[in-house]
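Chain naming follows the written order as A, B, C and D, and within any one chain the residues start at number 1.
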Amino acid sequence: METTTLNSNFKSEEYFINMGPQHPATHGVLRLLLTIDGEIIKKVEPDLGYIHRSIEKMCERDSYQQIVHLTDRMDYLSANINNEAVCLTVENALQLEIPDRVKVIRTIIGELTRISSHCLWWGVMGMDVGALTTYFYGFRDRELLNDIFEETCGARLTMNYNVPGGLMFDIHPNFVKRVKDFIAHFKTKLPEYDRLLTDNIIFQKRTKGVGILSKEDAISFGASGPVGRASGYSCDVRKHHPYSALDKVTFNEALKTEGDTFARYSVRIQEMWESLSIVEQLIDNIPEGEHRVTTKAVIKLPKGEFYQKVETARGELGVYIISTGTKSPYRLKFRSPGFSNLSLLNHIAVGGKIGDLVATMATLDLVIPDIDR
Amino acid sequence: MNSALSITKNIHDWLYEIMPEGVANIVEMVLIALVYLGIFAIAGLFLVLLERRVAAWFQLRIGPNRVGFKGLLQTMADAIKLLSKELTGTEKADKLLYNLAPYFVIISSLMALSVFPFTREFQAFDINIGIFFLIAISSIGVIGILLGGWSSNNKFAMIGAMRSGVQTISYELSIGLSLLTMVIITGSLQLSEIVEVQKSGWLIVQGHIPAVIAFMIYMIAGTAETNRAPFDMVEAESELGAGFHTEYSGMKFAYFFLAEFINMFIIAAIATTVFFGAWLSPFGITESIPVLGVFWFLLKTLILVFLMMWFRWTFPRLRVDQLLTLEWKYLLPINLVNIVIMALLVWHNLTISF
Amino acid sequence: MTNQSLQELIGSWSPNLEFNEEGSQYLNVSVPPEELHAIMLNLKQNEQTSLDYLFCLSGVDWGEELGVVYHLESTEFRHSLVVKTQTSDRENPILDSVYDIWATAEFHEREVFDFFGIRFSNHPNLKRLFLTDEWEGFPLRKDYEDNINMIIK
Amino acid sequence: MSYFSDIYNGIKTLLTGMSVTGKYFLTSRKGAITQQYPDNRETLKMFDRFRGEVIMPHDENNEHRCTGCQKCEIACPNGTIEIIWDRGIDENTGKKKKKIDQFVYHLSMCTMCGLCIDVCPTDAIEWGQNFENSVYDRTALTRVLNNPGSKLQAGVED
């Protein structure tokens, strides 16, 4: 972008700054072109692509088993849920009957992933509004989850635990005990999160009434996940299109109507409680059985189009596969939640201050590789 | 005007023997300045270390523990690293102001140190407008910040500097007024006199309720004066990257950094002097050993410094407009009412003194 | 609304629509590019369809034609519909933008433009989103070649 | 009046927050979550399933279980595994048989997805728990997994 063309559009008192791609608040390589009048934001224009790896193009040459591990690298904080999304698409296309054990384990790990992602988000949210200590408390709890994942899946972040047809291997014998320990631990820590940050007067002043998104706009901008639900838009895929074992559990969809930054914050905190309750309902009732259905070594999907949506920690992830009957998809599109959520940033940040933009962006919970894919 | 502990007295006499009076005076001043500079450069470094350890303990970490015994030399090593670093700057910076800014900041904070009564006889400069001098000097530092932010020709630095200007000018009022509240009791601006008054009870006890309110306001405004969290609008790393010192590196950056910590020390030291009886020991338990005054002074100061660190590692940052709301809508009116209450108390002799 | 009644309702709007339910869990409707914007506006505003949530907008290179697939859902009735449109002009493909109907389309259409080179008329800010402005070619097209960065197995 | 209750409530929430951090400050010695990594090397043990690198275990006779079927090479999404194979004469039967010459593993390209180990029909390769893979020269990351002079364990192919 040339400065000359920019300047001609400016009123005399407005100026332009580059937030990112290396900026502490953008959590990665997002670049925001801000037009500012003093402290007040006039326009936010995201510039993407700093970490684009063209996963969709790579998928067009990979086999269906190989695609799964690429999704780890999209929204790496909910890697397991991404894996699950691709596996579900392939399994539905093949009309495979998946054992209950697999469904339950997938759901448990998915919800734990959600908690882990929200823990990190909580820490980073605190850091973005200036309370640095929350970062370490959030990571402390996330670390326990990472250990659970590492023991069962072998990796802490990019697990690639799901394969089309089930799970790569059965859960570790310690899994159930560790998860129960974690639930007990986390139930004492979540109220602490509230006491440290949620109730804090400065935090509430910083977030309430900031970055308001109305319900109509939320739907129009395709907001999903906590961002949509904070605006009173019931968009939980787990409720409306339940997958895996989610139809067997009871949970409340965290809904708020204010649509401001604080509402998005509270929705996530509440979601952690809900996820805990889902895990609690399932952890004692993991059915016995196979952990995997044998599939052909070369999976060929029937000709057709397949769409599967799942609820990741950030919102609705869609996997759209167009198959021509070969071993790779003809076209594979990931509808990533972060991409739609980012598109509304300009809409809600304009008129706020720089500090508001940072707080708002923190509650959108952007993961840049998820946007850039 | 100079301290009269026995060693300093000997040096003083010796200097007057070997050179004419005027020269000796100047030499003496330079010597004292150098001693202060040395002590506080090192004290500042240890404050940085303390901050890092305290932060680590709040955050379930261990903190620096590798360089020297238990990491005691960590900040020394950092300082040496900063000394040896290349000084980079922006091409279009206003070179003169850019280079001048760090010195404004560091000199103003070092100057303020000269008036503190560390113990009965350990005070470099017992000026009779002590408190006034402190308030005046500590607000010069902001010029350095403004200059640094403006001259480095970086928009983030510029925003940071402007925020700093707004912040310091506003909170200067609260600092001054809350200290004035206490001056009503003492009836003097001279620091040694203020300490004398407190021999019949620390001022925070003498002035009870209004004094406690004044102290709270002072701590809030003092934290804001030093640009520390939750008032670190100036550097707000999640908003502005590094704020006004974005373009500074090496030793120039170190000056800013050191000044922040010395300022923190100064704010705590003023509070110690004005509210907590400076070098006076609690209940006079070590009155017979005057040298222990230094210990008590530092202990009280460090406790207050710790309190400021506690704030920093707990609270989120305010937004820039909320910062001003807090000052103009809450602190300032309360402060004004508080002064009137204090004046009434003193008028009717309702202060507590033993 | 069931797929059956959706098909009947939408089919009554224009004679040029093709419906297809095979090989997909949703009802598919193919719309000629000229009628795209009008049909889309109707789909959103009609009280019976009320498809107000555009949850996926994907560009597809069908080999001969370039197309866009819109996945729509109604947040009120929870029925879904897939709208497809395509153009055979590979040199200068132009479709109507739907960003004024669903705000999320603004970004998604920029992504499609970036990777497929489909231009959307009336789009407020149609420029490269992920790739640099100087990038040549449109990577997700099937005929895109890049001998340095692409490894074909 | 709400002016004063605001101040009161505000200060109360601030003090609650400080009590949380204060509690951790006092218990910081036992609560520290830092792992002092190079110091705790002795006690640091990875989980059994930890994916550090792909290794090929050999038994005491310097025999491995890899038949050179190349399933792993096909399964790998990144071209991490290259199997250089040969046809040798089997000593027992005298027939020509496929056997591996070099099992080349490019650690620098590996994404630890585990597909190769998943497809391996003879369990010839498995995960190693070593995670200290930094080297000064990236060519050191290309490894030959089968030991020199090693051969196929008897009975694996059946």
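Assorted remarks:
Following the convention adopted for this analysis, a contact is a pair of C-beta atoms (placed from the backbone, for glycine too) under 8 Å apart; a residue touches a chain by one contact, two chains touch by 3 or more.
No experiment lies behind these values; they were computed from the predicted model shown.
The central chain of the assembly on a C-alpha centroid basis is A. Set against the Cα centre of chain C, the chain with the most distant centre is B. Chain B and chain C have Cα centroids separated by 63 Å. Here the CA centre of chain A is 25 Å from the CA centre of chain C. The centroid of the Cα atoms in chain A and the matching centroid in chain B are 45 Å apart. Residues of chain B in contact with two or more other chains: 58-61, 313-315.
Within chain D, the positions touching two or more other chains are listed as 14, 17, 20-21, 24, 33.
With touch defined as above, residues shared between interfaces to two or more other chains in chain A number as follows: 133, 136-137, 140, 196-197, 200, 202. Contacts between chains form some other arrangement here, matching none of path, ring, star or all-to-all. Of all possible chain pairs, the ones that touch are A-B, A-C, A-D, B-D.
Against chain A, the residues of chain C that register as touching in their complex are 22-26, 28, 52-56, 58, 60-61, 69, 71, 75, 78, 82, 102-104, 106-108, 111, 115, 128-132, 139-140, 150, 152-153.
Chain contact summary for the complex, chain A toward chain C: residues 48-49, 52, 54, 56-57, 61, 217, 219-222, 224, 233-235, 240, 302-307, 309, 316, 318, 320, 322, 331, 333, 335, 339-340, 342-344, 347, 372. Residue ranges on chain A touching chain D, taken from their complex, read 62-63, 65-66, 68-70, 72, 133, 136-137, 139-140, 143, 147, 150-155, 158, 160, 163, 168-169, 172, 192, 195-197, 199-202, 297.
Listed in rising order, the residues of chain D touching chain A in the complex are 9-10, 13-14, 16-17, 19-21, 24, 33, 46-51, 71, 75, 77, 111-115, 118-119, 127. Per the touch definition, chain B reaches chain D in the complex via residues 54, 56-62, 310-311, 313-315, 330.
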